[in-house]
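Okay, so here's the structure we're looking at.
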Amino acid sequence: MTTISRRDWLLTDRPASRRQARLGQIYRTWLTFRGNWLAMVGLAIVLALIIVALFANVIAPYDPVIGGDLRTARFLPPLTGNHLMGTDDLARDIFSRIVHGSRLTLMVVVLVAVIATPIGLLVGTSAGYFGGWTDTILMRITDIFLAFPRLILALAFVAALGPGIENAIIAIAITSWPPYARLARAETLTIRDSDYINAARLQGASSARILWYHVTPLCLSSVIIRVTLDMAGIILTAAGLGFLGLGAQPPQPEWGAMIASGRRFLIDQWWVATMPGIAIFVVSLGFNLLGDGLRDVLDPKARK
Amino acid sequence: MTPLLTVEDLRITFPTRSGPSEVVRGVSFTLGRERLGIVGESGSGKSQTGRAILGLTPPPGKATAKVLDFDGTDLRDASPATWRKLRGARMSMVMQDPKFSLNPVMTIGRQLVEALKFGAGETRRQARDRALAMLEAVQIRDPERVFRAYPHELSGGMGQRAMIAMMLVTEPDLLIADEPTSALDVTVQVEVLRILDRLVTTRGMGLIFISHDLRLVSSFCDRVLVMYAGRVVEELKASDLDQAQHPYTRGLMNCLPKIEGSQRPLPTLERDAAWAK
Amino acid sequence: MGEVMLEVQALDVTFRRGGDTVRAVRGVSLDVARGESFGIVGESGSGKSTVLRAICGLAPTTAGTIGLKGTSLATPRPADFYRRVQMVFQDPYASLHPRHTVDKVLAEPLAIHGFDRREARIEQALSEVGLGSDFRFRYPHQLSGGQRQRVAIARALILEPEVLLLDEPTSALDASIQAEVLNLLDRIRAERGLTYIMVSHDLAVVAHMCDRLIVMQHGEAVEELTRAALSAHRATTDYTRKLLSASEGYTPA
């Protein structure tokens, strides 16, 4: 009985409090999202990544950095003994390295999202809302960033800042905001002359207030969708920088760097490079599926 | 006189999260070569009724009827081929906003000629002449210019006339006009109505005029159906509207302000749950 | 006539789009007394809505002056202006933020102007426009057109303005809902002694609501009429006569 009444409480047309209205809205979104099984698969993968990263110490059977006996435990194939994915050239358990590597991947994803999304939103909504000179200057800066392929630009930044995972994250964040700015600007242009924005102006709201309370919430969903869909690319860029030796430094268990070091043994010991490759593939796929699902739920324009 | 269109017990259902919902619930009427008005407020099912006659109920909606007969053709299970033969050539529809019904990347002329090609087999030259004649018939002063124009180059009234021309160029027997003048200014509205009026009287076309505007419908049509919550609550001659019996019709009439002065506060419509029963 | 509340003199509004200039309003003057209800009638493109938008600063004033209680208004308008003049828009489906609950819509102006007793004011505004407190936490998509317009009216009233600008407030509503909203506006004006400026294409609505009106065509005011003159069909220009006859419904040629 309680479950039915809770559902009714959430789906009611006449909520009695701010909290109930907001929760009801979230629950309705969730109901639509739940109907899309591919999106649910994506969500499951992303949740699994988060859980693995949080409990890496518990899940990983071995130390990710210190290897085993170099005489007997090098290049053990998958499923030998306790090594689910085998061991690498330094006799380290690949499964443990991938589990710990998920922390680095998650860190990249979260930090880039936290840095790039606000920059993109701020630049895009301001450019779209104020128009004129503000728009021209902000958008030309955006164009300059967009003119370079992301990996090349990130390479240049890392080369200037010095290799390392932190600098790689900063470089990726700096290079990934321009598409969000473009998106937020386009979205802002369609709503800045709408009557509800005019109504806010007529209440004497300041430009900052209109941007923050009225414009940003409407741009947020399409930017979130775009960021989620971009996550696969961001993970690949981070892996690419790692692969080129400009991201995470050995012995950090970063997936791209793991592929780079396993590359030499690809013919005889295929699993050393393949296992982190599969991890990158699965997580990228997860973010893409999740992004597609979010688009179906949040973006009314894409809906049929 | 045999009726042009017979509708009996038309029902339209849409599935929703909480089970199927019937938006039209047993509408029956016949139409001769006359002007029939369907009046109702938003959600009364008047537009869906018009669409169903043309087989244009938007999916996932489903339209069923005991009888749906157009000049001897049963429309209930008409094949796509039958619909192609009927729509455009023998029955047409004019919608509220020409912006959504004209193809934005084709000139008006090309769209008119295109409509003719599907209607009757004739040469390009003949089609062009007929299209120009039609534009003239809907009171477009410079038909050559409009013929070459794209829809966005026309004003609202001009666009609406161009669309009416397109719907009428094939000389259909039945025209369904869904709020054809609501987007127009009152002065243009009168002109568009004159065109429709002339087509009914001179060509013997049957017209279903769907509108929310009781005053307009009563002054333009011969007969009026008043719809409420998916049902026809009253059918009467337009000239007898002031003798309407149903409280909904009377309420609708009374709540309109009048230029000559009206009661203050305006009488409002007290909706009775029994009307929707 | 009593004290002049709002005065517009020789107003010109010109828009520049690319190379084109559009003179939307040309030399329109009007004055509205305190407590009066003033109408502006015209067809689409006549510039009637632009006059309203110029008064509240949403459209640029190219020439002419707009004065509130004898003081000429500066551009941009001072914050205090928006406490005294508020507007209700035509389309209730476009004038409410789709992601804001009714509660948030009404709380926002109170927060901007730092009003006290916000809870009580929101409850009072809702009951004044005939919506119970169970509408308070709904989103716009959970409301009908008439209910949305009531929320928009509540939003305009919550700052306790002296002048209400009404831009076709009922043209998007069904006839029966229109009557309810017009009655509501009428009652509020009587209770609060508000001054209205109402724009409409519907002569009957303006005749019902307004004491005086101007008729606009192509950006110019072609005629000024009192309600009595309008009701008696005593129009002096051809254009107004044409509007009057067209609003009677269809007459065969």
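Each chain carries a letter (A, B and C) given by its place in the written order, and its residues are counted from 1.
Assume contacts are C-beta pairs under 8 Å (C-beta built on N, C-alpha and C of every residue); 3 or more make two chains touch, one makes a residue touch a chain.
Because the structure is predicted, anything quoted here is derived from the model rather than measured.
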Per Cα centroids, the chain farthest from chain C: A
Among all chain pairs, the one with the most C-beta contacts: B-C
Whole-Å gap between the CA centroids of chain A and chain C: 47
Interchain centroid distance [CA atoms averaged], chain A/chain B, Å: 52
Intercentroid distance (Cα basis), chain C paired with chain B, Å: 32
Complex contact set, residues of chain B against chain C: 41-42, 156, 185-187, 189-190, 193-194, 197, 212-216, 218-220, 251-252, 255-262, 264-269
Touching residues (chain side chain C, partner chain B) in the complex: 43-44, 145, 174-180, 182-183, 186-187, 201, 203-205, 207-209, 230-231, 233, 242-244, 246-253
Residues of chain C touching chain A in the complex: 56, 58, 79, 81-83, 86-87, 89-91, 94-99, 101, 103, 108-109, 112-113, 134-135, 137-139, 142, 152, 155, 159
Residue ranges of chain A in contact with chain C within the complex: 13-18, 20-21, 25, 194-196, 198-205, 209, 213-214, 217-218
